[in-house]
Amino acid sequence: MHLGLIGLGKMGANMRARLREHGIDVTGYDRNPAVSDVADLAALKAALPAPRAVWVMVPAGEITDSVVTELADLLDEGDLVIDGGNSRFTEDFAHAEVLAARGIRFVDAGVSGGVWGEEFGYGLMVGGADDDIAELMPVFDALRPEGPREEGFVHVGPVGAGHYAKMVHNGIEYALMQAYAEGYELLAKRTDLISDVPATFKAWQRGTVVRSWLLELLVDALEKDPQMDDIEGYVEDSGEGRWTVEEAIANAVPVPTISASIFARFVSRQDDSPAMRAVAALRNEFGGHSVKKAPAGE
Amino acid sequence: MHLGLIGLGKMGANMRARLREHGIDVTGYDRNPAVSDVADLAALKAALPAPRAVWVMVPAGEITDSVVTELADLLDEGDLVIDGGNSRFTEDFAHAEVLAARGIRFVDAGVSGGVWGEEFGYGLMVGGADDDIAELMPVFDALRPEGPREEGFVHVGPVGAGHYAKMVHNGIEYALMQAYAEGYELLAKRTDLISDVPATFKAWQRGTVVRSWLLELLVDALEKDPQMDDIEGYVEDSGEGRWTVEEAIANAVPVPTISASIFARFVSRQDDSPAMRAVAALRNEFGGHSVKKAPAGE
Amino acid sequence: MHLGLIGLGKMGANMRARLREHGIDVTGYDRNPAVSDVADLAALKAALPAPRAVWVMVPAGEITDSVVTELADLLDEGDLVIDGGNSRFTEDFAHAEVLAARGIRFVDAGVSGGVWGEEFGYGLMVGGADDDIAELMPVFDALRPEGPREEGFVHVGPVGAGHYAKMVHNGIEYALMQAYAEGYELLAKRTDLISDVPATFKAWQRGTVVRSWLLELLVDALEKDPQMDDIEGYVEDSGEGRWTVEEAIANAVPVPTISASIFARFVSRQDDSPAMRAVAALRNEFGGHSVKKAPAGE
Amino acid sequence: MHLGLIGLGKMGANMRARLREHGIDVTGYDRNPAVSDVADLAALKAALPAPRAVWVMVPAGEITDSVVTELADLLDEGDLVIDGGNSRFTEDFAHAEVLAARGIRFVDAGVSGGVWGEEFGYGLMVGGADDDIAELMPVFDALRPEGPREEGFVHVGPVGAGHYAKMVHNGIEYALMQAYAEGYELLAKRTDLISDVPATFKAWQRGTVVRSWLLELLVDALEKDPQMDDIEGYVEDSGEGRWTVEEAIANAVPVPTISASIFARFVSRQDDSPAMRAVAALRNEFGGHSVKKAPAGE
């Protein structure tokens, strides 16, 4: 199997390495010539046997859009494009359509595992036609973790289903992280009782109900920085959590923990909350409760 | 009617003024001789006709506890103590018992209205025996707003019921404030669309579904400080919101908006969130997402 | 002033009545000939002096879309269309564009007040060009409540701003309703303490911090049905609450109480919660906790 | 080492078995003679070498209180009582005091692992004096899972610390379960995209960020009942989640996901929500929105 791979950032480069280690030929293309195997997309096309399989691993949104558009122009009928980035599942429908107009097939692949995937394999959720998925199985088998295939790979459904599943996966992930984080704060608050917060998390790794990979990562983080002194409580989000809430709303599914997790991230990024200014102002109006004056010059 | 009134802080002094304006004789006692009508509690007792009615208007918790204990020792059988402070309703049961042991009657009164109560009257929710409430009606009628009695006063039930109702009132209040505050932030965020946030709130005062007294207060606050520049998004809480959530939990009542409101206040008082440090650390562990380093010396 | 009014359902018919009572000529059109003043849109056009002003008061979404499209074909350059329905503000941009292509002007109007508006006036939030708003002021003044104009009417900003403000208004409204509802449940739960729940709400109408129009409506509802026996805890939503959360997410604004309110409505409409089945199944797996078996045939 | 064990229900009996398999002598007592090793507590005392170690494994609350009280009367100075049940950490302080008055030592142990603990070991979090913990290490080592001691056992701090950590553990557990459950509902809702929900969860077990023991249990549950048809969305709670929220409130720690999880359980147990009746009634009042009439006779 010979795969084209567009996008050799942190994730893409790791995946190229893992694919090659598992016997897949990979020709990678990146705008950065220092990491690219070929000079341009035309060279990528030329390097691949027809029908070609080209895996796109670039930032979701405009960049993925433009790469898909380029590939629609460049590739031949019967070729196959896989979007392994974090695209919103609704974008898959548009991408599939653009490509289908040229007779090019499309598969979407949700990829989980982060920087650990190169070593341990990536959790894969894919959407597309049965035949297309079958054709790509050597690639998926190379990328997924050791062990039974069905524990690290799933053909979820038609185009879009892979990214839908990945979106939900990430929504869950947000809430799991928030859950541990709330527990961390509860433990850290009671220094009178909890003599060693990192040791407490460490001891939850075996036998408990809350044991998980995220817990192990938290244990690792606390070993490096036991008081979490070196880090600020400022958390970005990369979109999937927002989309999950939006889908939940569109489908009338209550998601109180997932939404709470994304809101907590929003708050973490505010220097001062406009909403809480309004609450402070209101309290002052009816109760004469004193307010904190904003520092001069703010 | 001649009432003893213990505690002449902001609320107590205002209430004394309103009571006197409405024809109730009041002898007030405060530890601060500058505002007190009598030198000590013994003098207060001596000034009142038996059976005495003594309204306690001091901070809830230890101070109310100690005043009630003192009154249990001081007063005579058949006297009547009213706790008009923000005591937790569960404390009423203990206070009533301490006083009953000396044959002293007890009534609890939830009082709403803040600094505006002197002028417009106080919303009153009281708990206690029918005869005791009946005896105090002149006082309640003087304190409550003009208009039909049943629109500003209620005998909620037995001892504790007044403070329970007031606790729920304040829980609701927290969530109402938070609701307007979220709306404020949503309006303030879209400066491209909303040319004048204060004018928008002002226009909601008539005809809309959200019109309320809190809305009027928010309009007043925005007139003084249209950008909310002079105020920090830091909000204290005085206990009733917490008790409301605790009671909800004790009674298996879901209170998602009330709890969200109290949590938003907790967050508003944190310089940096330990929980969000943990989330940031976790993201860094699995995704190699960059974190914000805490400033040196923090 | 002579206004065309399309859509004579509950809201439209009430508005026609109020406009006429306040000296505005109205020619109304509805698909239902029993309530329509004219036979069709062509007749509506013919009845109005140029430049025409046509107020659209039909369900948001497809129906508003199709009416706007028809009007774009029908009306003349210089005419003016007002969308007074519950359209999402993002739709206003599209509608304005369609109309502008024909030289037709567009104003969006958020209208609050429900069935009470005919008698007491409607709270109005409008978006559009200054000149267009100025031209329509007689209509707005007829619709809005008595009292200072700025307490029941606001020109919020450009096209879309009126519906944005109305959307936020409704988001707040959802959370306010939920707040009172949580308080209701807390009071209703403690029958040992709260001898009369309706009387407690009734007494909050004067002097308290939580007094509002919604509170008055709740008092009315409890007078008709003191135990809320005749009603099911099943609550629809009409879109604005969802859009508010979606906008909040798009703008990284935390809205915990508004989202909690919409989720509570979603849950209220479920016979059984798939999520809670999953939780029950999980508890059973790790703890051997018994589960409730679904009734046979479910 | 010879341990007394009071309470041979599901958990206690499993623990007795595991302890014996790992070389600890256990004399167990239960009110149910069919499972008890001795006839009564006096016989239990007689069977144990002094200083005795007696592990209490009975339901938290009144039953644990009464057992501790009995042991305070029965045991000798220098003996040691361990509470391995799900007691609230605040109760540990009282129990320790009662026992200390008789010179009896006390250790609290939070035990996680449910029905799986017998086979795989129990996660242990203990609180107490260093010497007492040291004395009990053979017992803890027998109960905890294989592997490094610090990954399945922790001496958290003084008396109460073990149960505090266990309480937080369970609070986290509630939110983790709710997170997966929300994801389940989101997947199950889109039958157009997700052709096989159980297979999707199964595939998350390797390589993904959300892999965990709870996920494995959910996979097991879905294998037995792929549509979750046999189970009702009705979820009890055993107290720790409530206590976690109460502690959070007492310490001003925001816990939006943990509280959302417990509220979701409360809602799951309601046939009809009083709060949502109030919302439905309010909507009807202002908007004339139709309500669902409760079935006659309800």
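We just call them A, B, C and D in the order they show up, numbering each chain from 1.
Criterion: a contact is a pair of C-beta atoms (placed from the backbone, for glycine too) under 8 Å apart; a residue touches a chain by one contact, two chains touch by 3 or more.
Composition by chain, UniProt nomenclature: A, B, C, D = 6-phosphogluconate dehydrogenase.
In this text, all values refer to a predicted model and were calculated from it rather than measured experimentally.
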Inquiry  = By that same contact rule, can you tell me which chains touch chain B and chain D alike?
reply    = A, C
Ask   = Out of A-C and A-D, which chain pair has the most contact pairs?
value = A-D
Ask   = Taking mean CA positions as centres, which chain lies farthest from chain B?
value = A
Distance between chain centroids, defined by C-alpha means - chain C, chain D (Å) = 46
Averaged-CA centre spacing for the pair chain D and chain A, given as whole angstrom = 33
Query = Where the CA atoms of chain A average out and where those of chain C average out, how many Å apart are those spots?
reply = 37
Request  = Hunt down the residues of chain B that sit against at least two other chains at once, touch-wise.
outcome  = 114, 178, 180, 182, 185, 189, 209, 214, 253-256, 260, 263-264, 267, 273, 275, 286
Message = Help me check something: in the complex, which residues belonging to chain B touch chain A?
response = 10, 114-116, 177-178, 180-182, 184-185, 188-189, 214, 217-218, 220-222, 225, 228-236, 256, 264-265, 267-268, 272-289, 291-294, 298
Ask   = Quick one: in the complex, what on chain C touches chain A?
value = 209, 242, 245-246, 249-250, 252-256, 259-260, 262-264, 266-267, 269, 273, 275, 286
Query = Which positions of chain A touch chain D when the two form their complex?
reply = 89, 112-114, 117, 120-125, 127, 144-147, 150-154, 156-158, 160-161, 164-165, 168-173, 175-176, 178-180, 182-183, 185-187, 189-190, 192-196, 199-200, 202-215, 244, 247-248, 251, 253-258, 260-261, 263-264
